[in-house]
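Consider the two complexes below, in which chain A is the common component and chain B and chain C are the respective partners.
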Partner chain A sequence: MTTLKQEGGAPSRKGAPRPSGTSSSREIRKQAAATPWLFLAPYLVLFIAFVLVPIIFGAWISLHTWDYTRPLKPFVGLGNYAELFRPGTGPFNNFWGAMQATGIFTLFSVPLLLVIPLAVAILMAKKFPGRNFFRAVYFAPYVLGVAVIGVMWRYLLDNNIGLVNYYMGLLGLPSDIAWTTSTPAAWVALVGVTVWWTLGFNAVIYLAGLQDIPAELYEAARMDGATPWQQFINVTLPGLRPVLSFVTLVTLIASVNMFGQSYLMTQGGPGRETRTAIYQIADTGLRNFQMGSAAAMSYVLTLFLMALSLVVFWLFRERKDVR
Partner chain B sequence: MSSTVETRTPRTDEQSVKQARKLQPRTLAKIVLLTLVALVFISPVIFMIVTSFKTRPDATSIPPSWIPNPFSLEAYRTLLAPGSNTPVLRWFFNSMVAAILHSALVVVTASLAAYPLARMNFRGKKIVFAVIVATLLVPPVILVIPNYLLVSDLGWLNSLVAIIVPTAASAFGVFFMRQFFISLPEDLEEAARIDGANRVQMFTRIILPLAKPAMATLALLAFLGNWNDFLWPVYVLFTPEVQTLPPGLSTLQSANAVRYDLLMAGAVIASVPVLALFVFLQRFIIEGVSRSGVKG
Partner chain C sequence: MTHPKRSLRGRLQAATALSAVALLGLTACGGSGSEQAASEFTGEYDGPAVELSYWNGFTGGDGPFMEKMVEEFNAEHENIKVVSNTMQWADFYQRLPAAVTAGEGPDVGVMHLDQLSTMAARNVIVPVDDLADTLELTGDDFTQEVWDAGVYQDERFGIPLDVHSLAMYYNTEHFEKAGITEAPTDAASFEDALKKLQAAGYDTPFWMPALWPSHLMNLSLQWQNGNEPYDGEASQANFASSEGLEAIEWQRGIVDDGYSPSNVAIDSQYVAFKNGENSITWDGIWQFNDLEASGMSYAAAPIPTIFDEKAVWASSHNFFLPRQAQPDPDKADAAKVFIAWMSENSAEWAGSGMIPARESVRAEGALDGMPQEAIAEDVDSMRFLPAVPGIGQVQTETLEVGVNKAVLGEESPEDAMTEAADNASTLMEENKASFGE
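Let's look at the complex of A and B:
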């Protein structure tokens, strides 16, 4: 009370001289020049050391034949990249084989993970008895983590004694499908398990988005005689646009980064068919210690992902006068 | 207050009241459908738990049974026996230590960093925030190789520090806390300032107490993320004594390919803490996730 003129606790005010007569909001946003940086310091130390520096260091590694176990790390320029684009070489075949696996997985999992959770969220948008219970049940697998769900589904999908084949047999369907050791069954398994695992995550985000759409928009649409489908197209989808773009982006990134499911359920098999790009990068860099090549692969994958992200941003951009 | 609520959502309110009194056939059909789907979500987890209490032959018998016969703790006893080369108890302990320390580190650093980004004016603020947010779009895979080398140089390979510290530079955490701080009214700090509080006092006495729910949510999400992380621990922790549960389960799987009783017991042990957290704190977890989406 007595120190009415004291500024935000700063011992010296030299750092942040501001003309007086500003609003109170301005006033409380003032402080010594060092204060914000002191708040930021612990985080920035971690961020610079383990995010910013590695992004650049990784690019540097990718320009070398960098074997962790050997003392010499000769500079090879873009050699590692050139190798990835030279058909017939081992790295070319391994990398693009893995990229293809990631592509197949992404192509099937992303649409399913966009549509099914939306349907679930719409079913649950209106209040009804037990809604929170169902929401929790659908979300629950997501908290389990890939190691648990991978080991668990490996068991359920066992081709001899697994629950899935057993119940398929009871339903008169083929009961000897090699879910984890043959394609395309392995893809069905990997995509299906991933949908089971992360459906609730997307549904919860959709549900929050649906609740933000003002009810009077539906009211107005009904007054105009819109059918439920027309309401969905003209009210729900536009209202969900930011949420849809977020969910698409998050799902896309997660799918492109798929690793644990295939590591635990199929071990990348049969052959190398379900070995994804991340799997290949980790194996090349951290098992075989060819870190230059692995770093180059991770940059190529990142470029792909960024291009896809841009497409998503473009698809969901704010459009004026659509109709 | 009540009038705004009424004008905003008159129909849904009426409807939900009506539906709560007597179930309309459509709602009933919906609940039946949702229950069937819920079974698909619950039954695999239940079967995992059931199998963990089976004997070795019972776990692979055909037809599979939903009741262990006999009920057996053999799998747990084998896993928890001292001197095992798959020390599940040790993994559990390691996972717990790592997840708690990681979560604390994330909450402290992210809250501190988010405050000036939400509330102070200073040169460089926009750039700092833009760079942090931009890294949300950088796939973590790009960090794996260089961070492995950094961690190796720091002498952290094959130690829990490797999975506690590097992943704690959470751009999401900063973003999440900043959104929360922005939502608080500035009058609070203004009042504190008039009372002579300095920046640090404003933060510790006014802002932090109000931020507890948001910090709890972030702590939970960070805990879950660390508890469940797979790729990084698989490659930086090699010896059984320092592994956590996710790489441990992978080790267990390659050591006992068809010992499903053991594998399910291990998976249950890895699931218990997160399922317990989820059951008791699901509101925080689900709201944290949905908030990240709406504001994202």
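Let's look at the complex of A and C:
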């Protein structure tokens, strides 16, 4: 969203009224009153129908005991929220257990998904034979659906019949790790698979950012005697800052919204330990028909996500150079 | 905001578009309005040609058989075309209420016995008493529990097609090598068989799954031990009674005693069985065709009676009619003809591995020579979940989690099942309040 705003801002400033041709520019401005709305309309309709209305309707649902198959949907005020904050109740344990699982996953997957793709992108930005082939290889897993990677890795990682443990055994490594049925191994599996699956996407964005950094800057840095590491710190990273903030935010949101991997690979197990927040919300709302409680959980999750996003914005804010 | 003329024209255009849509909608709805489906059902359908959408969850070895029967039905009925839509049962129970509420439900479908009361309470399905009358179906032709479970608040909602239970599958080659001549039938002979299999070099002969169908094994064992897992009347779950705990302790004991590896993830016990990595597995009788196709040498027997009573978990597939937003009497009649035909031809359904629900069909020799014949003999020892609305959710949220934790050894059987039983009782209490019985 930020990048869009920034990019959208620049051309309008460029298109500010020019001293010449006043009559024609007034003509344009007169048209302009309706024109932006018309251009916005296709997206605006979709936005209202699929984002704005559900947001408001969801808030309304969260104030009720809402089972869409039943005629009576009694109003309970903030009861659904209160229940989520009352220790000892079923919803409290399930929801905060799921939030904790989400937190663990996010904590480990986000840093890895920021660093590894950057390394890959820097490697792929270099000129070497077969570069396009390797770029495609790194990106390839991302085109697979979560169902494909989930089911595939569930069998590969199975601790009794899976290939991963079999090959680890051949290499003399421990071959009895329960990748999908015990923690912390399940977290290693979930984070590992997610990194393997989505690193291509982040790498492509980094790559685009890297190609945007003017070569002259590197040249100048070399002239000043900067080592490759110094070039990376002083040229590459600052040049990537807008891209970094975008990648961080997108990765963060994707990690907090993780669902398919644990649903398919661990079935939320052992017990409920790898049930993420979205898993819990989907289960509560869609399988158990407690839409009110599920909507309340969604709003609490959203608040967390918004707070985290603000932190990211703050971290990547434009800093005035003190030097 | 905008130029007045422009906006007026815009509004007019929008209004025209809207009314066009509304008109379309009205014509589509035209002629309907009555709440009740159909008039008297006569058992025959001679109206105009209709197409019925038929939902089911036969995704396993039973799917191709159902498809074949549907094709036969279509060939025999010129004016009815049944189009089936097959999906995973878990998705099925999620989608059906949504589709019916949105007025997009199917015309006919099949669901499990233990879901009927839930769906009836949710007003997703409609009573089929008249159909049962026309078909002259009575409780005499069915196992009492199966027949009674189709009734919710004095109305019948399901026409049973089959019953299906857990069974014990074993690898006959392994048994031969271990020198076991007969399928074990009780705790002692079962343990003896496991020991012999281990002695013959099969280190882990009986894998104890951590998830499905472990909770069905648990229910069977609880019933065998004289425990009633759910008390619908009192909204109470009894998994953690001393008899209930013995059941889960036996399951965990299989792992502790080394007959099973630990951490058996979902489906792997079955895949391992097909690959000859273990020797015995308990699974549903609907797997016969799948095992047959795998070409392995196996046999099936009723699960052994580990405790005092002969008992095994079972369920039943039931035909139902969904509630329609715009009832079409022709379609409703055609759907009833379809259900009647399926019920009458349920002998053929035995080919899917299931046991026809009607005693009369079984008596005519539908199961002669079929692999499930031996299991069908024990039809009286089959136990079903009580017809309590919301029981499906209670199972997945509590019993399955508890069994999972206990079998994995994450928690002691007692802790895991006590927590599960408490949660189950709370949920049942809530369900009772919400469904207002």
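Here is the rule we use: the second predicted complex is superposed on the first by the 275 of 323 C-alpha atoms of A that agree within 3 Å, B and C clash if a C-alpha of one lies under 4 Å from a C-alpha of the other, contacts with A are read in each partner's own complex, and residues count from 1 in each chain.
Here is the rule we go by: a residue touches a chain if its C-beta (ideal position, glycine included) is under 8 Å from a C-beta of that chain, and two chains touch if they have at least 3 such contacts.
Note that the structure is predicted; figures quoted are calculated from it, not measured.
Asks: Contacts for A:Met124 in the overlay, against chain B (first) and chain C (second): which applies, first, second, both or neither?
Replies: Once the two structures are laid over each other on A, A:Met124 reaches chain B alone.
Asks: So in the superposed three-chain picture, is A:Trp96 touching just chain B, just chain C, both, or none of them (first/second/both/neither)?
Replies: neither
Asks: Answer with first, second, both or neither: which of chain B and chain C does A:Phe201 touch in the superposed model?
Replies: First partner only.
Asks: When the two structures are overlaid on chain A, which partner does A:Ile161 contact: first (chain B), second (chain C), both, or neither?
Replies: both
Asks: Applying the document's definition of touching, compare chain B and chain C: which contacts more of chain A?
Replies: It is B that touches the greater number of chain A residues.
Asks: Going by the contact rule set out at the top, does A:Ala33 touch chain B (first), chain C (second), both, or neither?
Replies: both
Asks: After superposition on the shared chain, which partner residues are touched by A:Val243: those of chain B (first), chain C (second), both, or neither?
Replies: The answer is first: A:Val243 touches chain B but not chain C.
Asks: Is A:Thr181 in contact with chain B, with chain C, with both, or with neither (first, second, both, neither)?
Replies: second
Asks: Counting only touches as set out at the top, which of chain B and chain C does A:Leu286 meet: first, second, both, neither?
Replies: both
Asks: Given the touch rule stated above, what does A:Tyr68 touch, chain B (first), chain C (second), both, or neither?
Replies: both
Asks: State which residues of chain A lie in both footprints, the one left by chain B and the one left by chain C.
Replies: Dual-contact residues (chain A): 33, 37, 68, 154, 158, 160-161, 286-287.
Asks: Where on chain A does chain C make contact in their complex?
Replies: 33-34, 37, 65, 67-71, 90, 154, 158-161, 178, 180-182, 267, 269-272, 283, 286-289
Asks: For the complex, which residues does chain B have touching chain A?
Replies: Result: residues 8-12, 15-16, 19-20, 23, 27, 30-31, 33-34, 37-38, 40-42, 44-45, 47-48, 51, 60-64, 105, 108-110, 112-113, 115-117, 119-122, 125, 128, 131-132, 135, 137-150, 152, 165-169, 171, 174, 186, 189-190, 193-203, 224, 227-231, 234-235, 245-247, 249-250, 252-253, 260, 263-264, 266-267, 270-271, 274-275, 277-278, 282, 285-286, 289-294, 296 of chain B touch chain A.
Asks: For the complex, which residues does chain C have touching chain A?
Replies: Contacts found on chain C: 1-3, 6, 90, 93-94, 97-98, 100-101, 122-124, 207, 210-211, 261-266, 268, 271-272, 275, 277, 393, 396-397, 401, 404-405, 408, 410-411, 416, 423, 426-427, 434.
Asks: Note which residues of chain A are touching chain B in the complex, please.
Replies: Going by the criterion above, the answer is residues 1-4, 6, 8-10, 16, 24-31, 33, 35-37, 39-40, 42-44, 46-47, 49-55, 57-58, 61, 68, 120, 123-124, 126-130, 134-141, 143-148, 150-156, 158, 160-161, 163, 166, 196, 200-201, 204-205, 207-209, 212, 214-216, 219, 242-243, 246-247, 250, 253, 256-257, 259-260, 263-264, 277-278, 281-282, 285-287, 291, 294-295, 298-299, 301-302, 305-306, 309.
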